[in-house]
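Consider the two complexes below, in which subunit A is the common component and subunit B and subunit C are the respective partners.
Our next item is the complex of A and B:
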């Protein structure tokens, strides 16, 4: 008996999006980074092509964060004291791109300033030649205030800027349009909301080739199943030909996983939770792997060891491809 | 594929005798097709027709049950490829592999430790499902003794890795009283394995190089009278596992391909080049059935058990707790009162934290339709009005003598409105994360 493997025929594909610009293209990056383009469900190469690997980003900050786990502080050490050094360390750890989050305040609790943000981004651009994403601290007005000067500073670099949410996307999209960047479009775990925001951003004149969709995720144990299924549904819609769901998907398992108790806390937890470091690393990696299988095209991680582990899974899933 | 009413009608006697309680055979057939009647209600159906009807209505993926002296694991009988289409029903069983070449006392110690492993996740007790004992010695007596050793400390279901008739027999003998899975029949040994499985009435795993080989073997085994089978496609890498397990699931569900309509067994740690935890995670998400781990590590097992719980929850129903006023650490009328929502994860995050801190406290669990603090707030299910109303419904004024209510830091914006809704009450804004509740109470609660 010879069994025929059932293959699906899809009419659509994920859109390709390219970040970063080399000198020829008006930037200073050593190379560009293209994500998306697949015409099949995650890693089923027997029925479609996957022209680009998912990108693995490491998150850095414009200054050493106050609330990160000691395990992360240990992993990055002194590099965290300077965004340029931190970016170099992330590059050395194997990141495909740097995902830089601007802080709400400085170390003394004073509001962050456009000048500081601008200088910090410049430092990172000079320290590494990787493509880069820069997002605000997550408060509408402050995000706008910080991202606009950053967009200007990095004119032509094709940064991924964010985070565009329903209530707050216009200013960031306008800055991306004016200075040749891309945007991260984020909506809270809902297929229709994801679509809608892509439409709104596209309506402002930004080409679809410059929008990365962030459907939002939860950590393992804290709502991951909702994000997982929304991603599967978005991907099936994209393959089914629904144009406005065809953006590559970015998710942030690093931020989500390192926020929860299982990763954060080493003492006073049940004995069966096991070794703290192993648990924390597994929390981030297992969250990431579930999202790899639900269709993530870009994963933002925090620990270099997680990046290494996820990378080796992807190497195998993609076989001889590179 | 289920049969239509007309297809069923063709298999009935077509005499319209009405003994089934329906006016015609066709009417009865229609009811059968709609699953509103049972075939046994027609006394005249031929044996041959009954067999055809039964096999057509069998689930596309056979349900396989393993039983220990206490406790059982059921896998199979899944009906969808993606959880959002309905739900996944039977969580993959997580087993730990032990070898009979290990010293008996060491086996007992290891099995006892893993047997005692329990973690609580949002009120759900999570644990290892059982043990796979391998006849690595190839000696029936040694194998028998090892199983007895494991059984003396654990009542969990077993998988017996015993690739010959003799070993299988020895294993079955030692496991008497339970219902283990025998692993595994292959192209060479299938006849003797089938005999042992059939006689003992236990499920049998099947091993072959590829899907063709698996399908051929399951056919032979079914003919030999073994119905409950488990497929071992021998996958050792992420890609191989994803492709094989997806193909098997699709063939079973989309083509009702009976020869592969069985749950799958995998050994994610078999290849030392592979990160066992991450391959097991993949298999939990993508169509694993029984997952046998090489390493027992509490931290990794916890992550895998939680992933399994998440992937296998019914997407239609968030896990909730009953709204109400909950007592933690026997509070009196001076103990702090805290508001939260009735989403399980939310409730247990804060309840466990308060409990662990040793603070006596009252938790006002509002009816937020099973949503987290921020989700409920954004959806208008955790607003000042609702909190005030539930405070009344659950009579907080009768429970505490003070008039202070702590709300989650994430919804600090509610405090003004809530003070209006609850005259005479002071609304205190707690920390954003539950982990910080102890230090918050130490600093802010003065009783």
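Our next item is the complex of A and C:
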């Protein structure tokens, strides 16, 4: 007896968004990176198409961070002392793109400067030919002050710039408009706010093909189920044909996982928590893999080993990449 | 449309196109068609020509077709006797003028006549020109700026697009005096408005005036001197064209889109100082195509109807007739008028008071012992009244204290006080008055050391000793309200002024007026029915918690949280057009009694993501409205009593339904339709549309006593409206019974009408 598998018919699809520009397109990247485009829920290939694999980004900073776990410092070693070297190491670790976060201050606690940010981005662009995202430290005024010169420095490279939030998006969007880049929008786990910010950014004249949305998530055990539910609803709305929810989704499991106690703390925890490094890596990987299943199109990770593990899960889901 | 303006603009256009023609012929002969033409440091060729026609002009030989196009836009000057609409012809002439002006400037560059020399002038930041006069090197000195380069375009463009810079002003001509010229520029700088300087009157330009007064000009001071002739007006319009190409993602040739982009997004205006000649009229007609209005400080005919520009096209404000003590005040008013006509919004980021300010201080309590002074409460009275007035009746930012400040009363004392907030705005509506007035509570509470309770004429404000020591005084209420109304309601409010009354006679006079207005508003709200409007509003604010829930808010049914009524939603939509309150056109009414509207159903389907297909706005039994979880009350069917009970969220007791409020909330919330259960706002109980499909208020058999107390007066009125003045007594509450047996006994004893009504199920 044959059993017919019931199939859902969707009217919409996720929008395809392409980052980076090759020499032909006015940039210097070796290749571009396209995400999104699926016309079905995550990994239900029998129902629709999934033309692009989720992109795996490794996060780097413009200088060695003060507050990262010793486990991460160990993994990246001396490469962290120079953003260019770090980017090269990330490329060697298999990243699809470099996700660079600018620091709030320099190592002495003095405010970061546009000149420094510009030079650090230049270094990374010269050191690697991967597509790149650059986001500010997360304080509106300083983000704007740093991202505008970065946008100018990387003219033509089609960077992903961020982070656009409801209270501060106009300057970053204007910089993306002026220098032909893309933006990352971010809203606190709410379908309508996600959608509204995409509308507001689009209203400023930025094409939807240049917006990636970050619905915000939590780490494993710290609200990931809430994040999952928001992503699921955004995706159902997108497939249902709601234009303003069809942006590919970016999530940052690296940042989320590495700030929870289970990953961060090596001492003074119950013995049955087991080996610290193994636990920390599992936390980032399980968080990331859950988000892959929630429909994430781009994941920002911190540990190179996590990237390897998530990559192997993607290979299982989609077949290994040729 | 003024025939006078049309005549002069058309005449000016004909003359300038002719001049461009002669210059072009001469250049073709003297320099040859292959000689390059370009503006310096731009990738946009000759930007206006590129934007409007898509032509990438780089050689003199490519200019003749552009000139031909300009000629094709010319029209004959209207004869004296004919009175027909001239707007189209005038706008065409404006475009022809701009083509001609750009051709002329391009050729002047070829002849080394641009940028215009001005010996001795040092610019604070400018386009770099490589010119033989500067020894072959770039120099910012000895000449005016000429066109803005692409680098500066992007840098300013970002600020114009993100709103830090509200817009730009093109000042053409010469001010009444040097003093006035400086004042005008300072007023614009103060508001972060980019200022472009152009043209002259009888050889004297505002540029000369500013240079004589030692005002620094250049990119760094946001004041750019383009040229002392009118033709250099093409530079700011080229800048505007490039803005659309750079930030609007448009391509050369998308003329209409580029012009609309400027109208909708670039807040620019032309300020014509001194006499307006034909060429200025023609150039101004060009600017109007961009949606940039023209304000003149001389007597010229006005073009008041709107259309191409958002508001008036041409405004005349003869300088000497402007109200004001002296020329400086007149200059200030003139700039204010320009800003109004273009709809440029004032941005205020900080609340200028001597105490910390922020929403964190909203809940702060000032105890009697810490109190410097109080207004309202037991010993005195305070009121607050916000009213809408015409734009002309108000001076933005004016804050007046009429009477003495509180330093005249002893520590811990009290006084009577009234606050009058007057607002004006092109999008303001009288109906928004109460919505804005309610904000006064939140705004004033944001100041540290200030406590605000109540509203209208039962306001009660305390100021702490600490705040008074830091210098907080009554005028600071005005500063707070001015800053916050602009900051939070800038989309509907253009101007705000505040008066504080402590002088007894003025205080009493305005208290009368305020009370008359409160009464009028009560009547207005009371008479607003669902039938009297075409649209309801949605509220999806709670979808973060209840993803499939949507509130439908009508004049007679406020939001279930009690926080949003129909007018609030209307104002909220004006302020935030992409926000959670969207208008819902009622559409076809398939059942007026139950409240079935096609528009409501369509909206519910999409906003609930398909989980709700129909809503009966006035029924609890059939397709009732869903609820999130924020409801003030839950109504639930009690089948045995043939009626409903209503439990308040403040009531923790057991109910005849066998469940407490918190247990019931699980049944009522979550965006599910459960016939017989409904969450709602407490004031919905008094609405004539309260479950009107199921028999209305007479179905209420049990009501939390706290609601009976809080709403005693209103409920009494409802009982009378229902023709049963003793009805409230017949309704049980938790002090009478918390089970069905007790309820039925009570209803029978009292003779509650629900028992006699037709069965609910």
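Operating definition for what follows: the second predicted complex is superposed on the first by the 319 of 322 C-alpha atoms of A that agree within 3 Å, B and C clash if a C-alpha of one lies under 4 Å from a C-alpha of the other, contacts with A are read in each partner's own complex, and residues count from 1 in each chain.
One rule holds for everything that comes next: a residue touches a chain if its C-beta (ideal position, glycine included) is under 8 Å from a C-beta of that chain, and two chains touch if they have at least 3 such contacts.
Treat the numbers as computed from the prediction; the structure is a model and nothing was measured.
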* Scan A:237 for contacts with subunit B and subunit C and give back first, second, both or neither. => second
* Asked: Looking at the overlay, does A:319 come into contact with subunit B only (first), subunit C only (second), both, or neither?
  -> first
* Look at A:282 in the shared chain and tell me whether it touches subunit B only, subunit C only, both, or neither; answer first, second, both or neither. => first
* To do: On the superposed three-chain arrangement, identify whether subunit B or subunit C touches more subunit A residues.
  => B
* To do: Name the residues of subunit A shared by its contacts with subunit B and its contacts with subunit C.
  => 229, 233, 236
* **Contact footprint of subunit A on subunit B as seen in their complex** => 82-84, 117-121, 211-212, 215-216, 237-239, 242-243, 246-247, 250-251, 254-255, 257, 259-260, 274-275, 277-278, 281-282, 285-286, 297-304, 306-307, 309-311, 313, 315, 345, 349, 356, 372, 375, 378, 433-435
* In their shared complex, at which residues does subunit C touch subunit A? -> 154, 157-159, 161-164, 246-249, 261, 265, 540, 543-544, 547, 578-580, 609-610
* Asked: What residues on subunit A touch subunit C, complex-wise?
  -> 144, 148, 152, 170-171, 173-175, 177-179, 189-193, 196, 199-200, 203-207, 229, 233, 236-237, 240
* In the complex with subunit B, residue positions of subunit A that touch it -> 1-3, 5-6, 43-46, 188, 220-225, 228-229, 232-233, 236, 259, 261-262, 264-265, 268, 270-276, 278-279, 282-283, 285-286, 289-290, 293-294, 309-310, 312-313, 316-319
